[in-house]
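I have a structure here, written as structure tokens, and I will follow up with some questions on it.
Chains: A, B, C and D, in written order; residue numbering restarts at 1 for each.
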């Protein structure tokens, strides 16, 4: 789950990390008022869960409150990578002496939170990482001890020669590490960590991604979710307990298990088709989940056929069959359905489907071939 | 540094441990008012840094607010193990179904905080430990992981067969462990951890000892120090940066280093004398510390002679010598002083002392023999 | 032989009285797994299915029944604690089926398990099965056949698909291990490859990977250097869209982006036969003369 | 030979620009200790006494100077951090002079030091000296003489007193170690006894204990089982009042109360000659035919 920049900044501030002031505006008028309070010369920043905001025109400098209003008018409602901007952050345009990068991510390799810092921060940090990796300093933090003072200070000296700035950065790193565990972040980064001409060290921009598995036990964090900032079908899928990612093809895929779902999409492609989505109904197989899955898939007019691929393990075939039958009552299904179903309670499932007028296959390749043919307008 | 029961209870409460209500009273009238608010039937408990309060008459049950006032009148001002009672805690007299013990202490052997629990809690817990040690369950907690849920629950089941009570106790243990690190405690114990007839688990009495080395970095804890509850000369010593413990003899001892101080006391005894105190001036040897040490020792009318035993290492002999000379100006010294001084800056020290009319020895045994003889009224 | 589990496996089921735990405990018992104990706090003293003793704690269960393996079916909120408990009780093998454990919990669990010398499989995995000997987890026993193919997979149902292909064509399995799809897991491909290479009963190995991370690349490297037995592999997610970006840090830390193409190339370069689709597993193994 | 330090000791002084650090760094240099580096954050690049390079971090100091030993003189508030840093930088021996480190800090420091394979001496100790070879800490060099007596002590100035007695009577020392008086310390009596027993240059051992804890009892037990060399001992605090009680837990945890009488008895039972007063050390050693 992504947090907006303004939410991430607020979390950092609460943990004692110096963050310049800032206000959120949802209308041009609010933006003007905020800009006035902040002294006129401000940055107007789109709050949207997409990278490359700046290049898309979602970040603009204003020299006056009127200009801030105009920028907000332009940015609010614009679309960046398919997502509509509903909010802007108004922050004072700070004079910056230097830009560093500080980030923490949970790393598969070391199985630890890894702290990465670079004196070459800013929007080109990825290029820095690719071209001059020696400018990125990394430390795999031992979670049994946490980020120790001397470790943070050592990295502080990697950013700043001045001991006061190094200590300030070290303090920010230790607090950022605490933020990670406090909010359940799989990523927390400050980019840029900026120094002002007076020498103060501040977090100018922040990004926090929450581990989805943490959300349930952290109601305060769950409350930060902004569903208006997500694709509606993905919101619907999450609320139904499904994992759904929309793609550009026309073969709707409904599978149990992420690996099998990907393999099914791959097989659609292998036989010349194009998957319309990734959809994993997961292990627990209540009929209602299947109905929700069908509702989401059929709401996409591009979908020409729906392919079920179910290998029953925890998932019971009869539950899925019941869900399909139930959906035919609740929804008006206008596209053909190809069903492949094997494993747990396969016999019961076949009986239910046959009674309702469906036929089902047990071979994955056969089912995919049929679905692709149907999507191309051919008879199966 | 010891906390009072009422302070410890408040810390536990802040950390989410269930503690029955209670109020502190410093006058019988306040005690009456508190008892009224708490329903009349209350316990009146002396708040004093001494064990065995109950046996000394410092804990009394009152059936009415009037009786509580009477008890408070009796208890306030009484002396328990040399300490005057200035405050009482008024707490509702709870019906108790069972009494357990839960304590955490930092253990030298395992070099870890050790959690100890026993279903046989209450005032006889030490007897339980001595006679039926199998009733004490111990766990050396790995501070890298903290007290883990399953470890606490396992000990919870050692206290209670009922899973809800076991879970409640486990939760209290985990919170008590957090208290230890949050306040810098070298000991935190709940005795009794009681169950009510309704089955609730509550901390009825609590004891917390703060590691003296933690106090400086925890101003909130330092503010809990109650100097009226300590021996005045020990307060004065602490404020001067000295370690001082009063004893019953007549040879005042002023030494640098705890081990040498104890060895000096032992030698006084070896030669037939009785030490009047343990006094360690520590490593840093400012003259003013020596003056403070002499002021404290000479305020005890039983002291017949003062023995300095200084082996200069970090401590500089000339600093000590200057302190002795300075003290003769500031204080009117009525008892003889025997000085043994060797090590760092011994020559300078001897010169200073000689000029001021003192003589000094370099042999420890000789100095102690002289001091003992003087204490017995004999010429050295 | 087989790897990790066999007839000597003595299993304690954590969460045996729960919905998933009780269902799968029965399945495992029916398959012949020696389920010697269950654990549910507060239900100590009961018997599961009138036979398996239930304890309040894993420590008691181990003490009373000499269990050497634990399988965990408890809810995600308490699953990390269940792994700690199993490792603390001295179990050699811990299989965690539970899905949804926060990754930060795992950063603390894994060093603890490692310090205790235990092997953790999972979390968020289907467990493992040594056909005809023992099943620990949720892999359907009826699709497996005893034999000489070792299967190791990051996936769940995709593993069943592959096992199904193998069994349908007379290729039984020595052990099938689902290592789990979470970012932080206790046992990885290399651990399983090491065990399969050392297992005289395993003649060939099937490795089923996915997009994301670099585990498959490391596995390929390991195969090239240390595995003498034939290996065939599959990577799911060839058509998957690039994963949601995790800020800049994701790109910085991984360098490579963990695509299927990269992984398939790494497998090929290590001499591993790469399947284009699950049904290719049998022909590929046959061409490796198994 | 000697134990722990000798001519090969290459020392980094943490807190070299502070009041105590600079004073004792000069003393150690004057004694002949190879002080190869100092550390004070923010003073990296300077030189101490125009000769010793100062670094911002211990890691840099080790990297640049191949230091193998650290001595810590920083204030108590940052001393635990200094020990972490020294251990993290790979130093083999870390001597912490600083007094007043909270014991809970030490509960976290000690496992870290142990995991890194380092030896910590102290905290709250005078350090150690191998007379004529190297001095690390604050033991006055002028009271020591090279020789064959190993000295290990929980005390500071009392150790000087004993060393003074030895040197005055022509009994030089192989190494004198002050292990520190805090409840949690890195190196205890048994570690030092093990090293002295193995050191061919040490002919006899003096052990100086105090009331509190059970370290001396364990040392006595170790001597009985494992030490062939003569050992004489002293326990300070025979007349000390019973310590302030630490609630019930203190009595429960220790069982024994750690009195001088108990300790002296334990030493005697292990065949250790027990001094009644510091001046007894020489006659006792002589009677052991050293």
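Note that a residue touches a chain if its C-beta (ideal position, glycine included) is under 8 Å from a C-beta of that chain, and two chains touch if they have at least 3 such contacts.
On a predicted model such as this, the values are computed, not experimentally measured, just so you know.
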Quiz item: How far is the middle of subunit A from the middle of subunit C, if each middle is the mean of its Cα atoms, in Å?
Solution: 27
Quiz item: Per the centroid of Cα atoms for each chain, what is the distance between subunit A and subunit B, given in Å?
Solution: 55
Self-check item: Multi-chain contact sites of subunit D, meaning residues that touch two or more partners
Solution: 108
Quiz prompt | Residues of subunit A touching at least two other chains | solution = 144-145
Quiz item: What is the shape of the graph in which nodes denote protein chains and edges denote touching chain pairs (line, ring, star, complete, other)?
Solution: other
Quiz item: Considering every pair of chains, which are in touch?
Solution: A-B, A-C, A-D, B-C, B-D
Quiz item: Which residues, counting only subunit A, touch subunit C once they are in their complex?
Solution: 51, 101, 103-109, 111-114, 116, 125-126, 129-130, 136, 138, 142-144, 180-181, 184, 186-187, 189, 191, 207, 209, 211, 213-214, 216-217, 245, 247, 255-260, 262-263, 265-270, 275, 278, 283, 311-315, 342-344, 364-365
Exercise. Name, in rising order, each residue of subunit A that touches subunit B in their complex.
Key: 144-145
Quiz item: What part of subunit A is in contact with subunit D in the complex they form?
Solution: 145, 148-151, 153-154, 157, 163-164, 166-167
Quiz prompt | Interface residues, subunit C side, partner subunit A - complex | solution = 20, 76-77, 99-104, 106-108, 110-111, 126, 138-140, 143, 153-161, 164, 181, 183-184, 208, 210-211, 213-215, 234, 236-241, 245-253, 255, 260, 276-279
Quiz prompt | Touch list for subunit D against partner subunit A, complex | solution = 41-42, 44, 56-59, 78, 81-82, 84-85, 88, 108, 112
